[in-house]
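Two complexes, one shared chain (chain A), two partners (chain B, chain C).
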Partner chain A sequence: MADFQPATETAPLLRVEHLRVSYQSFESAAVPALRDIDLTIAPGEMVGLVGESGAGKTTLARSIMGLVPRPGRIDSGRIEFRGQVMAELPDEERRAILGRHLAMVIPNPRSELNPVLTVGQQISNVVRAHSKLGAAEARQTALRMLEAVRIPDPGRRLNAYPHELSGGMAQRVVIAVALACEPSFVISDDATSGLDVTVQAQVLELLQDMVRSRGASALFITRDIAITAHFCDRIAIIYAGEIVEIADTAAFFDRPAHPYSIMLLAAFSHSGDLRRRWTRTEIAVNGSAAGCAFAPRCVRRQPRCEAEHPALRTTHSGHAVRCHFPVEG
Partner chain B sequence: MGLVRYIGRRLLFVAPQLLGIIMVSFFLVKLIPGDPAVLMMGPNASQQALDELREKLGLTLPLPQQFLHYIVNVVHGDLGTSWQTTRPVLDDLMDRFPATLELVTLALLVALLIGIPLGIVAAGRSRGPIRKLADVYGLLAGAIPDFWLALVFIYIFYSTLHIAPAPLGRLDLEVVAPPIVTGSMLLDSLIAGDFDALWSSASHLMLPVMTLGLVNAGPILKMTQSTVERTLSSDFIRYAEMCGLPKRTVMRQAVRASLPSIITIVSVLYGFLIGGAVLVEIVFSWGGAGQYAVQGVLNADLNPVLGFVLFSAVFSLVVYLFVDLLYFVLDPRTRG
Partner chain C sequence: MAPLLDVQNLVKHFPISGSRKTVQAINGISFTIEKGQTVSLVGESGSGKTTVGRCILGLIDPTGGGIYFNGRKMGRDHNVRHRDVRGRIQLVFQEPAESLSPRVRVADLLAEPLIYQGVTRPDRERRVLEIAARVGLPTGLLEKYPAELSAGLQQRIGIGRAVITRPEIVVLDEPTSALDPTARAEIVDLLIGLQRQMETAYLFISHDLSTVRFISDRVVVLYLGSIVEEGPAATVFATPRHPYSTGLLASVMLPHPSLKPEKRLTLVGEIPSPIDLPPGCPLAGRCPFAEDKCRAAFPPPVALGHGHLVHCINHEKVAAMGAAVDFFGRFQVLADRILGVAPTLEKDTVQ
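Now for the complex of A and B:
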């Protein structure tokens, strides 16, 4: 391919172009999960991806890794990571990148960690899969990583099984696994959703520290828009498989433009009035396929919204919104 | 420490379990119509002789009392006498149970050697010739009756090719059985250094072991395949994939996680085969325990039946205890 380039300082680390993924089904037509996603992430950049359950967040994360969950299929578009198209890589090469350059922090570590292997074994397994380290050295790395994620008594935890850990501790282990090989890109998929609020803040801060201090990039997937505000450089809002708004964090919180973004923000606001103003109680049942996906729930719906699908338009520099009638000011 | 306590607690339950099993089988067996006295004396016996015999056998007592007598005898190591063989049931079973055990154990090994590798390999792929082979094999093994396969093998290997010996027992008639040490004809021949007996017993074992092994590889294959398949789509395997672990490592982890389920089906199958091998035993005139029990049922000879049930129950309990210990080793979550 002509556009193959080695990753350089200026080239984006991750480039997603016109990505369409759908879930195939025997009974009915394929269900689109991602519709025309464009997203680039520069080296060292942290991007928040916010949306509700079923918006396609996890599908996007899995597609980037080249592991589209069955029965999903990439219909069109391309995903480049470090200048390579993940989906086109042979199995072995993809495995060499996953966990090494592109690491995932998962949301339910207690069911996703292997129940019959100790924490130390699981970290060393990943380290050894991606380096030439021997068993003893890999174990040393594992111990260092447990220290780095501030697990108390790391020497003892090395021999603990996942079921012996608390939720917060297991989440720290997963972060240790993800960062053990010094990846350049970390995807955090709703990583703290299962934790208590107080622990959540600690773990998030830890994750941010570890990513920043290593100069890595991150895609920070979450349902909680508030937590992105603190440490993401940019924020993308995803709704029904489409990015509906994307902007620098400051600009986004300053001037959110999409009604859905405002609805999300209002949901976390203390003002009940604001919430009521932006949340539609009666949701139109059948939105038209041709129109805006959010129209049925939109408080600013107009006839045009149901007739014509809005394109992602740049309003200000670096601020794009997919809406016919974006909120001004 | 936890292990010792665990075994102790398990053993504590063995006695009540056995008592329950004996009780249920005793009353069930008594429900079978048929009067042992009539069968023993023949159709021309006088009423008086029959009554006397019934009195002697304790058949005139009420059932609960008969049960109590039986239990007391069992505790003293007396399983009663079989009127067909006129020998103590314990002696009969000591002869026959090892024959069945040897056959079934070897057959299970064959089944494991076929079923587990094939199941694992088939689970890793959704199409291809190996997957096809596994699917067809699972279907055939489920559909083909073992006694029929036994007859086919006898026809091919004995009648036609003359490779296998006649399907009549565990040894050639002219070979003297080695002194009994373990009860396994193969091991006893080895211990005695009697290679004629070793060769003869091995060649007699070949066909019945192949029959039972090939048929019972079916359920093991199916179980292995579906368990490994399920594990392969589980959360932690998906996570292992995301971590870029090599395919071999991922597969090894999946198999390792599937072991408890596979061990469970194998242990159930092992206990089942003790009685389930009876048709194959009959075809090969094996003289095993299952055959003995079936003769007992057919002739209202109840002591062999109860003795067989008791032996099988003890055997199953031992297997299950062993399996629980394996779980203990395999799954850290059970160690508590």
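Now for the complex of A and C:
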């Protein structure tokens, strides 16, 4: 981490503008998954994206990779990576970027690793697809990566199949695969949720060290807001396909401004009183389409929230908040 | 009076086919649960938590030791068979969606345990309505199928099914780990409320330490099938004395940047294989304090007062490291300050 230098260039590495993605359906109108997402990530920056299941976290990750699964569709907006608009690139050029410069660490390592290839083969395959290295050199790289992710006895593990690894080790292998080509941007999609706390802490530190030591950036997607407090520079909260709050980590946790952010944090409190104060028990059946998406669950709901959709605006404490009545302490 | 549940020197070894080796899942553990009390089993995957729960439920037979329910030994060859206590010891599963039949409506899912108790149909219908209200399932949902509900509501069905027979003890095997944090908090509140009303005892099996700290009266820390530390939840979390418990608690992350996991206390490596365990303390290979004595024999318990027991010869050294990090306590203070602002708007700020 000592050799980590904050980037001097101002151009963001990743820029997502007005991104809208929806899932088409035969039976009903298209279901919006992402509604007007704006997000920029600078070189060397780690951004945490936090939200509940169904908020659109994975859809955003897949949109950036250009891998929105059918029947999903990018309706509008643009995604720029290193100044290039991803969607405008020919497939071949995009494939050259994915895995080489832009990599993703996926959850459920055991189901996502190929069960009939050894760990060494899976890492070498990625390396060889993106470089001119020969088999022996690619194998050396695989060995180096296994050492880097601190897998004990890496020489022997090169020949191991995924089922022979524990969950923690398999997750490290997935990290090794993702980082083998030294990508400049890493997306981690809920990569540690199935692991024990002890292993989770080790895996996250490792990911952070590897990203930082190469001056790379990361988008760190999770539903556990606690993790982001320790591994991210900025926090973005996503609710129903919209970013509702985005702020620097210290500022965010010291003074969360959106009622939803506070509700997420209050879930960790042992004071039932504190939690109930921020959780609406009688949830309105349907929010109005015109209003704030969070209004039905919001304890601060006012008539204006149901009538008018709030824009993302900056409060005087420096947070960008999508709320008509943010909490300003 | 005998405790509600008394687990004595429980041993469970699984044979490995084609080998004379065994998986030593549980290696002689003892603990008790009193009426209306919550005891939590914590430890990493592979520590034997779920196996203990399955032995208590009679789903598998222990290799050695005994499980006593209201003072009477349970098991195939003993005076209480598990069939006799059916409905008095119940189970809640980790994955609500996977533990509920997708083709059965919510009302029938809730009523199912009562059928096996010979409860008549009118009584079943009455009790389904009563339990649905208790676990917070609106009656409008009773005609729906589980897939139509959120994970939090599905877990309410799982809990409703367990408590509808008015059990004396419920084994909760990771009931909250598949849920979002907000849904998790609601389920924990529900469990606490049900316990107050029904005086049910819980055996709470979880690696979610934040929830454990919150719900438990007593905590039992397992490592490779042995109890390394146990005691009142508040005491163990504030002043852990075993190197393993200390490492486990130091790895916990709470949502504030000032509560960084303590690197000098965290455990390195992963839990080793429970096949052919060497004698002595199972942590010896990962423990910074390990000495020859640790590898010779498993340390006997040291009583630290108030029912706090630790199996470690070096527990004083652990204490001297200032292991009392108590992130949970510190987070509660922070939460009160940061989240303690008034949630509702003052009239003059409303436009």
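We take it that the second predicted complex is superposed on the first by the 317 of 329 C-alpha atoms of A that agree within 3 Å, B and C clash if a C-alpha of one lies under 4 Å from a C-alpha of the other, contacts with A are read in each partner's own complex, and residues count from 1 in each chain.
By definition in this document, a contact is a pair of C-beta atoms (placed from the backbone, for glycine too) under 8 Å apart; a residue touches a chain by one contact, two chains touch by 3 or more.
Just so it is clear, the structure is predicted and the values come from calculations on it, not from any experiment.
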Label the relationship between chain B and chain C on chain A in the superposed model as either fit or clash.
-> fit
Report for A:E242: first if it touches chain B alone, second if chain C alone, otherwise both or neither.
-> neither
For A:M263, is the partner it touches chain B (first), chain C (second), both, or none of the two (neither)?
-> second
When the two structures are overlaid on chain A, which partner does A:Y161 contact: first (chain B), second (chain C), both, or neither?
-> first
For the superposed three-chain arrangement, provide the angle chain B-chain A-chain C between C-alpha centres, rounded in steps of 10 degrees.
-> 80
Give the label of whichever partner, chain B or chain C, reaches more residues of chain A.
-> C
Contacts of A:G272 with chain B and chain C, given as first, second, both or neither = second
Using only C-alpha atoms, work out how near chain B sits to chain C after the chain A superposition, in angstrom.
-> 10
Chain B contact footprint on chain A (complex, rising order) = 65, 67, 91, 94-100, 103-104, 106, 108, 111-117, 125-126, 129-130, 161, 163, 177
Parts of chain B lying in touch with chain A, wherever the complex brings them together = 235-236, 238-247, 249, 253, 256-257, 330-333
Residue set of chain C touching chain A in the complex reads 44-45, 151, 180-186, 189, 207, 209-210, 213-214, 247-248, 251-257, 259-261, 266-271, 328, 331-332, 335-336, 338-341, 343-345, 349-351
Residues of chain A touching chain C in the complex | 52-53, 152, 166-169, 196-202, 223-230, 249-250, 253-256, 259, 262-272, 274-275, 277-279, 299-300, 302, 304, 325, 327, 329
